[in-house]
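Note that chain A is present in both complexes that follow, paired respectively with chain B and with chain C.
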Partner chain A sequence: MQNFYKWGFETFFGSVFNTIITLLSLIILFFFINSILGFISTSEWKVVEVNRRLLLIGRMPPEHEYRVWPILWVASYLIMASIKTWGSPSYRDLLFIALGITIVCVIFTTSSTYLWVLTSLLICIFSYVITSFIGKSTTANNKNKKILILLWILLLPIIFTILLIGDGPKPTLWGGFLLNIILACIAIGFGFPLGILFAIGRASTLPAIKIVCTIYIETIRGAPLVAWLLLAWFVLPKFLPQFWGINEVSVVVRAMIILSAFTSAYTAEVIRGGLQSIPKGQIEAADSLNLGYANKMVLIVLPQAIRVVIPALISTFIGVFKDTSLVFILALTDLLQVGRIIPEQDPEFFGRQLEALCVVAFLFWIISISLSNLSKKVEKSLGIGIR
Partner chain B sequence: MNSIVDKLYVLSRSQKFRNLIIQFIFLIFVGLFVYYLISKALQLDITLGHFVSRAGFGISHTFVVDYTSNDSRWFAYFTGVVNTIRMCIVGIILATILGTIMGVARLSKNILFSTISYLYVEILRNTPLLIQIIFWQIVFLQLPRISEAITFKDTVVISNRGILLPYASSTENGYGNLWIGIILIAIIASLFLSFYINKREDIHGKVIKLYNFKLSGNIIGLIIFFTIASISFFILQKPYDIDLPSLYQNDKGTYLQSGGFEFTPEFGAILFALVMYTGTFITEIVRGSIQSLPKGQTEAALAIGLSNYQTMTLIILPQALRSIIPPLTNQYLNLTKNSSLSVVIAYPELFMVSRTIMNNSGHALPVFFLILVTYLSLSLVISIVMNILNRRVTRIGA
Partner chain C sequence: MQKKEKKQIGKEIITTSEVTKSFGRFQALKGITAKVYEQEVVVVLGPSGSGKSTFIRTLNRLEPHDSGTIIVDGVELNDDVKNLQYVRSNVGMVFQQFNLFPHLSVLRNITVGPQKVRGLKRGDAEDIAMELLNRVGIPEQASKFPSQLSGGQQQRLAIARALAMQPKIMLFDEPTSALDPEMIKEVLEVMTELAESGMTMICVTHEMGFAKEVADRFLFFDEGLIVEEGTPEHFFTNPQEERTKLFLSQIL
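Showing the complex of A and B:
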């Protein structure tokens, strides 16, 4: 006990400087907690309660709402199975995941949709249990991994089929959280492979390819994303070919094109860092084995280069996910726009912007923090691999 | 005959020839694509001729430049650029200070201090900047209305129209601009002088001494700067004076405010959000750099009797600076580009103004190229400055 007091005294009041810091920190923490408590005591969450559907799918017609739930089922199966297969989560991680899922479900569940949400929760548990059962045998586990990778690649087509099949709503009607997630998936799904190509191009020894790739990357990175989106809003249709009505693409597709191009440039820069970290001996060894250029890249260089930069890649992807909120410039109603609009629609909710904004911020935060924890985990496991 | 075929065969197997062919084919495709883009672009108006015409829209925040809606679009654009540059300079300085403090705090033994830093990074880094800008705007608009403004003895006025602070303003004798010019020349001159003296000391070991007290280049530069500034200040008969803000009611009972430095809710919101958001990334950079230093450095510094504060400022941070600067440059560039998000709360910086011009004129493409060029040159300036700094930092002790 004496030790404890001594430790406490030394950490908090060890020197004059330390004492000042402690007092300052106490003041800051007091203000922080005080303002949060003040906000909670005066807040009314009805603005969020009555607008749950808007937050989730935006202006999508209610009769198409059922299309969202199969996507949620597939996604929850994939995510939980992948977490179990590759993540080897501890109990703390599981608790964190469960808490996050519960809060998100609480935000989005209404009396008419609770059955759908319950089903997807059951699918989460089912997929976790069945994957841990499969994980006991190595051969089944390897087969399972292949199936999961295939499913991840097929995820985008599956989402689009579900959303568009039959008499689906027009892409312009997509909105809310769904739009953010679709845009992020598209941007990463197209931007990542393109980024690899541009990174290889920029690291190439052939001057023509190198210069063209460098110009592309630096031009895209030169202007802010909002400026590119504004360009898409004004002039992109005039640059697209005029057959099959491509030039009249909807605003959502324009946002997808711009976001993918943007992601590819930023990803390329990250991967270039990985390419530079590959020891020259690896390339020489590949050459001495008489591997062709494509084989050398795909089998030797890229796996090592990407492995090194996985944490940086994930933080780029987090950035892309956060940047999907910028599509307000194309007059799309993404989650943030919905959050800004709903308090203004009804005089009853006047002055309740902070509540709506808090929920929006939380939804972005929970996805980003999960990805960021994933990146920390990968970083740790990579460190073990290297040493 | 046979020999030519042989030679061609040999040529076709050579790496150089293949590389040339590949590049040639690649360039043809790129060329076709660029030709397509240019041919499409030529169908649009790609000149900036309309920029000389009257702008016709007001800009709510102007700094230094006096813009009215009768000026040309060029001038409106220039006003936006000035606003952007002002935001970036203030933002970069504040974000660096905040990030460094929080980065050191993250590794502090004081649990309270490191908890604050941890919460700060984890909460703010993972929410979009746009949300933070809107959040700060809402917070600033919740300040008391102007009729109930908080005043501190006529020096500070706080209301939801903005925070007014005392500021310098040029007096009526008209020497204000002249004095600013003299100050700028004095800054450049004293920088060169201190640079020269420091270099002389580094290379030749010659030191200027005044009664056994060593005068380094930095001190001499500062002395000369302040001497020139104060002497010219008195010669020009007080070209600048302190401008106190005031709050008054006109005869209709409307509250008006005037004078002082106006810190508007829009500027405050975008600045706060940019500084807080970029600060989180700088925090992580500083933390990573400090952690990458060998622990022996701290132990050695403590062993020779330096205090914790001295260890940090004299031993750890100067060494960490070498690995901090390259990623820091990246964050500065991000801050510059992110300042364009102030369009969401209608703060008239470069991007907002150009969007208005695009809407008014209908010629989007040339304006976009102007934006691109402006941001690229801003990035270039930041990169050059940071590269010079980097060279200086890596030179020490190398």
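Showing the complex of A and C:
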């Protein structure tokens, strides 16, 4: 104990310089904590409580609200099953997951929806238990992996079917956090494979393909996303062909096109970096086995290239996810837009922007931190064979 | 010295005439004319930068040659993709740096070629792979990854990977130069066994003991040309050219 005090004194007040730094830090810390405590003591969370539905699904008509729940259930099952199958979570991981889910549930459970939320929680637990049961047999586990991958691929079509089937609400009425998640899934789901193709194209030895891909990437990256979204708003309809009413496609679809294109350009550059890190010997070995171009790329080059760039790739995806909030330019009400609007529209909540924005930030943060953890896990699980 | 049995040398399998290759302004090959016969083991010698590696890399078109002709097993190597595929599926290659696929398991390193190119079923390919791992003496490593093997084991795996394609000819590009001395022997043993089994082999190597024992013929390269060729006896007892004598005096 004596040593501890001595260590503390020497570390914080050992010299004049250390003393100044310590005092300055204390002052800054005091004001910081003071303002946070001030905010918490005066905050009024009713604005969030009343507008929960708006934050989550935006202006989607209440009679269509029930469509959201099956989506949540499917997603819950998939996410938990995948975490168990590939993530091999420790107890600490599980504790954090449970904590996150609980907080989200507490924020968003109302008397009319608690049964649905409860169902979703039960599905999470059920999914986890059944996957650990399957995991005991290797063959069943391998089969389960294939099924899960298939389900992930089918997830977007499933979501769209649920949202649109039987006279569903117009896509322009999708909103809130749901819209952010749908847009991000589309942007990543289409942008990533496209990005791989553009990266390979740009690294191609055929000049025509190389030039086309380079021009595409540099053009898309050359202008800000806001500019592209405005372009989609005003100009895209004129470029699209006139038949089938394609030129009048919903702004949501336009946002999807732009976001996918944007993601593909950034992903392409990230992956190109990975392609360049592959030693020439790998390509020569593949050639000497006569693997052929497609096999060489799919089996040898891309798996190694993508593994190298996983951190950069995930960080691109996190960026894309947050960029989806820019669709407010197309008059869509995404999560951030809802958070900005609600305190302005109801005099009761006037001046309560900070509370609303805190919740918005928290929701974005939950997804981003999950993606970042995913990146760590994927890196770790792929690291086995690396030199 | 143990005298090896006289081997049956078959018909011509590789014929090159006046092959040239330049890298920018540096001319690596200045007109190579050579023949290799079936079941023959040819060792390519020469100082560094003499073009010996470039030469064997032109034989499966890892380096396309600039002029001259290369005919492998009756098929000429040119821009024709069909010819290239025929040659590559009949010529195996082992590299100085092994060039194993680090993200695939040892077994998968071997099976990827047979499955994707020869169209074998997974089970059949794995049977072949295990047989080959036995042959090169590392069957217990099948489920590991290449980075978990020693250098010698990695090179033996590389040999097995090339053999899985059932090539008619094997090219070895300094297969032991990147290895620690104590691991060279195990690789050379595999190569000796392969030579005795009747494989046509072209080796770039500095392992003179191995070369003396296994080679049917030496090619001595210098400055992009074949300066001298002949049997090992001829080389070690009676080299003709000054440059050959100088090289041998430095290496032995």
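Basically, the second predicted complex is superposed on the first by the 365 of 387 C-alpha atoms of A that agree within 3 Å, B and C clash if a C-alpha of one lies under 4 Å from a C-alpha of the other, contacts with A are read in each partner's own complex, and residues count from 1 in each chain.
Going forward, contacts are C-beta pairs under 8 Å (C-beta built on N, C-alpha and C of every residue); 3 or more make two chains touch, one makes a residue touch a chain.
Quick caveat, the model's predicted, so the values are computed rather than measured.
Of the two partner chains placed by superposition, only chain B is touched by A:L336; chain C is not.
By the touch criterion stated above, A:L29 is placed in contact with chain B alone, chain C being left untouched. Judged by the touch definition given at the top, the superposed model places A:F364 against chain B, while chain C stays out of reach. By the document's definition of touching, neither partner reaches A:A312: not chain B, not chain C. Of the two partner chains placed by superposition, only chain B is touched by A:S15; chain C is not. Of the two partner chains placed around the shared chain by superposition, neither chain B nor chain C is touched by A:V253. In the superposed model, more residues of chain A are touched by B than by the other of chain B and chain C.
In the superposed pair of complexes, A:S325 makes contact with chain B only, with no contact to chain C. Contact residues of chain C toward chain A in the complex are 60, 62, 85, 88-89, 91-93, 95, 97, 99-105, 112-113, 116-117, 145-147, 161-162, 165. Those residues of chain A whose C-beta lies close enough to touch chain B in the complex are 11-12, 15, 17-18, 21-22, 25-26, 28-29, 32, 205-209, 212, 219, 222-227, 230-231, 234-235, 238-239, 318, 322-323, 325-326, 328-329, 336, 340, 353-354, 357, 360-361, 364-365, 368-369, 372.
Per the touch definition, chain B reaches chain A in the complex via residues 19, 22-23, 26-27, 30, 37, 40-41, 43-44, 108-113, 115-116, 119, 122-123, 125-131, 134-135, 138, 307-309, 337-338, 340-341, 343-344, 351, 355, 358, 364-365, 368, 371-372, 375-376, 379.
Contact residues on chain A toward chain C in their complex (touch as defined above): 279, 281-282, 284-285, 287-292, 295, 299-300, 303-304, 307, 382, 384-387.
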